[in-house]
Amino acid sequence: MTLLFLLMLAGYAFGAVAAVLSPTDGVARRVSALGAVVGGGAGLGVALAFFALQVPLVVEVPALLSVADGLAFRLDALGAFFLALVGLVAVPCSLYGAGYSEAYDGRYSLRFLGAMLNLFLLTMSLVPCAGNVLTFLLMWEGMSLTSYFLVMTDTDEPDTIQAGAWYLAMTHGGLALVLAAFLLLAGGAATTAFADLRTAAATLSPATRNAVFLLAVLGFGSKAGLIPLHVWLPRAHPAAPSHVSALMSGVMIKLGVYGLLRVGLDLLGGGPAWWGALLIVLGAVSAVLGVLYALMENDLKRLLAYSSVENIGLVFIGVGAGFLFLSLGAIPAATLALSAGLYHALNHAAFKGLLFLGAGSVLHATHTRDMNRLGGLIRGMPWSALFFLIGSLAIAGLPPLNGFVSEWLLFQSLLPGIGSSATLVAPLMTLAVGILALTGGLAAAGFVKAFGITFLAIPRSSAAEHAHESPRSMRVGMGILAVACLGLGLAAVPIMSALGTVLAGHAGLPAAAPPLGGGLSLTTPGTFARMSPTLVALGLVVVTAGVWLGVRFSGAARGLRVGDTWGCGRIAQTARMEYTSTAFAEPLRRVFAELYRPTKDLSIDFHPDSRYFVQSIEYRSEIVPWVERYLYAPVIERVERWAVRARAIQSGSAHAYLTYLVIALLGLLTILLVRGA
Amino acid sequence: MVGYALEATQAALALGLAPGVVGLIRWMKARLQNRRGAPVWQPYWELAKLFQKEVVVSNNASWLFHAAPFVVFASVVTATFLVPVLAVPLPFDGIGDLLVVVYLLLLGTFFLSLAGLDPGSPFGGMGASREMTVAALAEPTVALAIFALALGAGSTNLGQIVARTMTQPGSALSPGHLLAFGALFIVTLAETGRLPVDNPATHLELTMIHEAMVLEYSGRYLALIEWAAAIKLLIFFSLLGNLFIPWGVSMALTPATLAIAAVSLLVKVVVLAAAVAVLETRIAKLRLFRVPELLSVSFVLALLAVTSSFLLR
Amino acid sequence: MSSLFPQLCVLGSSLVLIFGLILLWRRSVAAYITAFRWQSLVLSALTAIVAYFGDDPELYWVAGVLVGLKVLVIPRLLRRMQRRFAPERELTPYVNTATSLVIAGLLVLFAYAITRPLVALSQLPTRAGMPLAMGLVLVSLFVVISRKKALTQVVGFLMLENGIALLAVLGTYGIPLIVELGVFLDLLMAFLVMQIFIYQIHETFESIDVEQLNRLRH
Amino acid sequence: MTTFALLLGPPLLAALLAAVVRPYRPVVGWVGAVLSLVSLGAAVVLWRGVLAGAVPTSGPHEFLRADALSTLLAFCVSVVGSLAAWLGPGMGGEDDYDGAQARRFRIFGSLFTFTMMFAVTSNNVGFMWIAIEATTITSALLIPLHVTKASVEASWKYILIGSIGVALAFAGTVLAYFDFVSVAGRQAEALNWTVLMTWAPRLHAPVTQLAFVFILIGYGTKAGLAPMHTWLPDAHSEAPAPLSAMMSGVLLAVALYAVIRWEAVVNAAVGTEFTDGLFIVLGVLSIAIAAFSLVVQRNYKRLLAYSSIEHTGLMCVGLALGPLGTFAAMLHLLNHTLAKSMMFFLAGRVLHRYRTTEIGGVSGLLRTMPWTGGLFATGVLAVVGLPPFGLFISEFALFRAGFGAGRFWLMGLVLALLAVAFVSIIGHLNRMLYGAPAAGTAVGEGSGWPLLPLGLCMGALVVLGLTLPAPLRTLLDRIVEIAGR
């Protein structure tokens, strides 16, 4: 296993170094992909080997980072799960990237891109392996920094620079909070190794524990993209090259969940009920607002990014329910909820990775992300369309794909809470169930829009009309993830059992979790509900085949004629008559107008001679998320105001400067006088 | 073995009965409006005729347009295997619970909406957009109504819910149950495209939803979609009938009880169909943008249902 | 005899301080230079007195250097600059004369307050002058921040140095000679560099009004 | 004795040589550059001595003395001195300076190095003061190497504020000496730091405190602590690049060194609580003012200057956080020296190409000068405290010390302020690195070899970011003892 671990390091390191040293961009593209695939595969191997052998992996290099307990990696089950998640998405994304980044040949440095991609994957793989605080922070920040550089690839777009600034600002703010959380935790510990922190955490005062938890929620939440800390996400994810977006959305934000579980569950060992409640509320808000903003997006990748906010919200609902049940002593329910959250995280990695890769193919073929300029791509790029459809079905939580299974499990994990006797738990869970369902429905609507407007109907621009299928490496990358979406759904039973072991032993969870199913069925604790994803899938397939055969051979007419679309007697059907992305979302925009508060700007030019003839009508509408308007804008404004004040200090007058000096002197002397007296 | 046979029978029954239910509602509506109305079995003739006609497909449509009717139909048929139409416990009960049924139906809606967008017709887009809006907004109600039931029964699996209500008849009249019934009834109207949410009798209004979406379909494809819609209605009726008023559902697989079950099912369906018919004659269609208000009423009902369930426990 | 020494010290210190205050109520730079010259002279005399009474021959050297540097060389250079930039007068200080004098008084009071531990600690007959020396330090700082002309500021800075030197003489009969000489060298260099800059300011800004030096901000 | 001669001699010799040779010839620069390496070598020898436990002294009355703290500073000074000697004007390559200017730079630059080196090796706090005052004089003469209104103004403000500030430090020194004499009587070696330290526990608290206030304000002015920092952004931004590098890289550190010397005395006299409080107040104020000044900064050299204020403030706070905090602060000092001097040299290259110090005037840096731009970007990331660079490690250690000492709110505040600074700097950096270069900007690196030593600095920062070599750790541990922790 250590060998595999070293192979992982070597793979990524090779990719990074070879990319920098390669003679041409084409070589750089290929060697970096090779390194990343080897590294990712080895990472996945390490994780699987861990689950198979159950031996912890320990790699320590005390000579490095000797200022705080050395570089230390200790892989446990929780870390192995997230390592597997990284590897799972890294391999297809790297393959995909080999083809995708061809478009950058000659425009941007592919050597740099390849090296950064490998370093990004490397640091991301090492975050869940880290065994002490400094190692963790180093990898964590390495991950942020490399991904920042990856975001800053396409710098000809003015938005990219802004996105990068937002990203780095938010992620650094997050780091500060995480750092504070860890160091607060380390206050009473001998070293900063996680094992020591765990022992020390028990001796901390409740107030300190709460502070650590809150800091961790905010710090890791900003990486995970929880509302209201999500503002960087819809900016940075679309700006990055698509395979990087897939990695960021699919994997990186999950490491926020990892961090929270590591601190909240592993190190702190759970806490009072309100911790869980807080997570549920944050998760619910993120889920519903995330999907609502996703619905309003016309930019395909921004839509996907907001949808990541939604899904991370769902994960947090599960995790929060786990914390809550843990505090109530309902162990089986807690196991279910936490496993459901993790399972959803895994699934989201697969389908969101797939969707971003699909969006990348669209971007690759048409050079636009604006859905109002797309359409009809299913003809030019059938494979990409199929893969995107699979991803859409999965993310909409429809059977028989993996998203459905984890949503079902999330529902089921909230149910015991409605039955709880603790005050406020039941109402909270009830609302969470409502939100979960609403989110599911809205996500379905959102992805009908994403897929339907992008891939179906008549192309809305010539770029979309002449779209071509992606090269093979990209199709293979997407194919792997599409298969994963199917496979993760079908293999739900073994996966859920494995997830039980991931959490076993942490925070009062029993070392051997009760199995959540047997044979082909998932069974929730107390046989509350049973469901077999495999058989549902099988049923659907059999019935569909049956129906098709039935229709085919029952003597029904077989005639088929191709004609124009019916258009109320109009002659020709053009793309301008189609429903657009904006139009599709209009009903929901009206329903949730209170939330969106769109700005409207209607300007009508009349004919100069008569105002009964309209020359042109221009209608603009924009939605500024209220989080930004009411939370970030005032803060930014205040900082800027203070900055202007601070600037006034440097007024240019030497007299003023000397006055400060004298005042400082007299001030300190006065303090001395007062204290002496 | 008997169980599997029963599953097959049940599915066949649902398939067979469904167009009749649609015909029944139409007929009753006509009578209520002092018209003679088409016979109850008129939908069967329509389906048969549609199956015999050739399909006309838009030149903009892709393979998805061809696949969608099969997926839609298959999803509702799969759902019939899970819903207790005649008897509990069904052998497939462990495969899926009420949530699975709901998501299977959503799968159909999803594909139908995509198919609506596919030919590029503005009507299709309009219908798809509205259908998804209604479906999304109905979803929380469904989930909460299910949970109100599940809380009482201690399970979301349908067989369990039915069995529980049978053993504790009093629970059928508990406020939670009644409120959940109301909520689910409204959702039934919304999901199956009945008044006041949608008008199934027209495709010329700009407010139409379902009909706009399937406007481009013809021939056997349209037949499959119409049939699937009818089955969906029947599924909702049997859910309403058998989950809330389970009496008559067979608990043992004897011919006698099954016969009783069949009769009781028929009675329940007729009663519900009559209720829908009366409702549809009495009220006008809501403006599209007032539909969410109706759905929020149903959501509140469902919320109250859950609340009273755990308050009274 | 024994009471003469402390009295001389207080008298000398008072004179030194009073020459400092002249900067606050006169307006002409020439007067400032004169005041500085006299102040330095009193200071070196006082140093010599301390050398005599304290029986510390090293201090004669210090007194000698003081005379050479601060009574002869620096005032002459100052005078030359003042003539060159002839009509430079401190017409509109930031703080007017009356207020300045009140503030100076308060500063001297403050100096008394903060030097109380020094006076309490010291056994030397010279200790009574220490508050006045500290007062001069503070008053010089006030001069530097309230007067606009570069030359005035230089004089203020030189007086600040005088204040510190007075403090050293009164508090400890001077610091070790070698250090003292180094300090004088530094002082001379600093003064020369300031002089260079004043010429440069005059060249580039065509005035030595420090007010104009406010291009660099933020 | 030889080590000290080799340490202090070369810069003095270089200055003399430059003064003697008229007109200026590039060979003078080369000789000076080679001599600077001798100095560096001597610093390394000193370091090895410290590891062996030796504290070399030299001259009458132990005039020169190099303990661990002196060694660290001497090393920093010689590193930056070498950089300045190698990369400064007058090496024969194309630069913006004529012979006379190069000569001036060589004379006063070497003297500046000498004074700093002398300040940190002098055992006598009086001479330490003299040397520090002399640094003001020598460096002030170099700021207007190109005489412009701005540079003259900056140098005037620098010398005025610097001299007055340092004069206050002299007042403080006199007060401390007074204190000492009242306890121990007049002695020839009274101003020796070692002697002060032996008598320190018997000093009078009120007088010591009074003296320290003057000293802190005085040397704090030179160290760039708010609110006495005002000269710093002007001087650092208007000075020629090598001088900015020296001032920002080591002059601040040397001033801080003087503060630490006195802190040790005061801590021995009155305990650490008193100095802790002062350090925290001034440190936090510095960080705050710097952070907010960075937000609306339009000039990249001033940006770097404010960042220096921020880091000095951080070191100052670190000094108040117990042994680990002092350790972190000293590590930070070394890191900051490397990073900031490198940054100012790079800024000089950018200025040479773009002919403006406005951030708005620089765009597409990565395209016009890929290596300089890349190094500049990496340097900024290092300066704002990102891994894998040394400053991240020292900041981490500092925060760990703070949280360990239970100063949660202080650390929270500092973290927040650092975040503000971070966001501002990165925002400005983004604007410089990317986008399209202004029309007419030449593309391609100029002469590339000056990047080599700067790359070495970067390499050292990465090494320090990943590991803490044992010699350094030992050195820092010794310093912690010296600082009275």
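First chain written, first letter: the chains are A, B, C and D, and each begins at residue 1.
The working rule: contacts are C-beta pairs under 8 Å (C-beta built on N, C-alpha and C of every residue); 3 or more make two chains touch, one makes a residue touch a chain.
The structure displayed is predicted, hence computed values, not measured ones.
*Asks:* So if I look at the partners of chain A and the partners of chain C, which chains show up in both lists?
*Replies:* D
*Asks:* Following contacts chain by chain, what is the lowest number of steps it takes to reach chain D starting at chain C?
*Replies:* Minimal hop count between chain C and chain D: 1.
*Asks:* Most remote chain relative to chain B, going by C-alpha centroids?
*Replies:* C
*Asks:* A-B versus A-D: which interface comes out with more C-beta contact pairs?
*Replies:* If we tally the C-beta pairs in contact for A-B and A-D, the bigger total goes to A-B.
*Asks:* Can you compute the centre-to-centre distance for chain A and chain B, using the mean CA position of each chain? Integer Å is fine.
*Replies:* About 35 Å, centre to centre.
*Asks:* Based only on mean CA positions, could you tell me how far chain B sits from chain D in angstrom?
*Replies:* A distance of 78 Å separates the two centres.
*Asks:* Let me have the rounded angstrom distance from the C-alpha centre of chain A over to the C-alpha centre of chain D, please.
*Replies:* That pair's centroid distance is 43 Å.
*Asks:* What is the distance in Å between the mean C-alpha positions of chain B and chain C?
*Replies:* 99
*Asks:* Two or more other chains in contact with one residue: find those residues in chain A.
*Replies:* 647, 650, 654, 658, 665, 669, 672, 676
*Asks:* Which residues belonging to chain D are in contact with no fewer than two other chains?
*Replies:* 156-157, 160, 164, 168, 206, 210, 233, 293, 296, in rising order.
*Asks:* For chain B, jot down the residues that touch at least 2 other chains.
*Replies:* none
*Asks:* Among the chains present, which pairs are found to touch?
*Replies:* Every pair of chains in contact is listed here: A-B, A-C, A-D, C-D.
*Asks:* Could you list, by residue number, the parts of chain D that touch chain A in their complex?
*Replies:* Listed in rising order, the residues are 156-157, 160-161, 164-165, 168, 206, 209-210, 213-214, 216-217, 221, 227-228, 230-231, 233, 278, 288-289, 292-296, 331, 381, 386-388, 392-394, 396-397, 399-400, 402-404, 406, 408, 411-412, 415-416, 418-420, 422-424, 426-427, 430-431, 434-435, 466-468, 473.
*Asks:* Going by the contact rule set out above, which residues of chain A touch chain B in the complex?
*Replies:* On the chain A side, the touching residues are 375-376, 378-379, 382, 385, 389, 393, 396-399, 404, 407-408, 411-412, 415, 418-419, 426-427, 430, 433-438, 440-442, 444-445, 447-449, 451-453, 456-458, 521, 526-532, 535-536, 539-540, 543-544, 546-548, 551, 554, 556-567, 573, 575, 577-579, 583-588, 590-591.
*Asks:* In their shared complex, at which residues does chain B touch chain A?
*Replies:* 51-60, 62-64, 70-71, 73-75, 77-78, 81, 92-97, 99-100, 103-104, 106-107, 109-110, 113-114, 117-122, 124-126, 128-130, 132-133, 135-144, 147, 150-151, 154-157, 215-216, 219-220, 223-224, 288-289, 292, 299, 302-303, 306-307, 309-310, 313
*Asks:* Inside the complex, what are the residues of chain A that reach chain D?
*Replies:* Where chain A meets chain D, its residues are 63-68, 134, 137-138, 141-142, 145, 152, 155, 158, 160-161, 164-165, 168-169, 172-173, 176-177, 179-180, 183-184, 186-187, 192, 211, 639-640, 642-647, 649-650, 654, 656-658, 660-661, 663-665, 668-669, 672, 676.
*Asks:* Note which residues of chain C are touching chain D in the complex, please.
*Replies:* Within the complex, chain C contacts chain D at residues 114, 117-118, 121-123, 137, 141, 144, 150, 153, 157, 160-161, 163-164, 167-168, 171-173, 175-176, 179, 182-183, 185-186, 189-190, 193-194, 196-197, 200-201, 203-205, 210, 213-216, 218.
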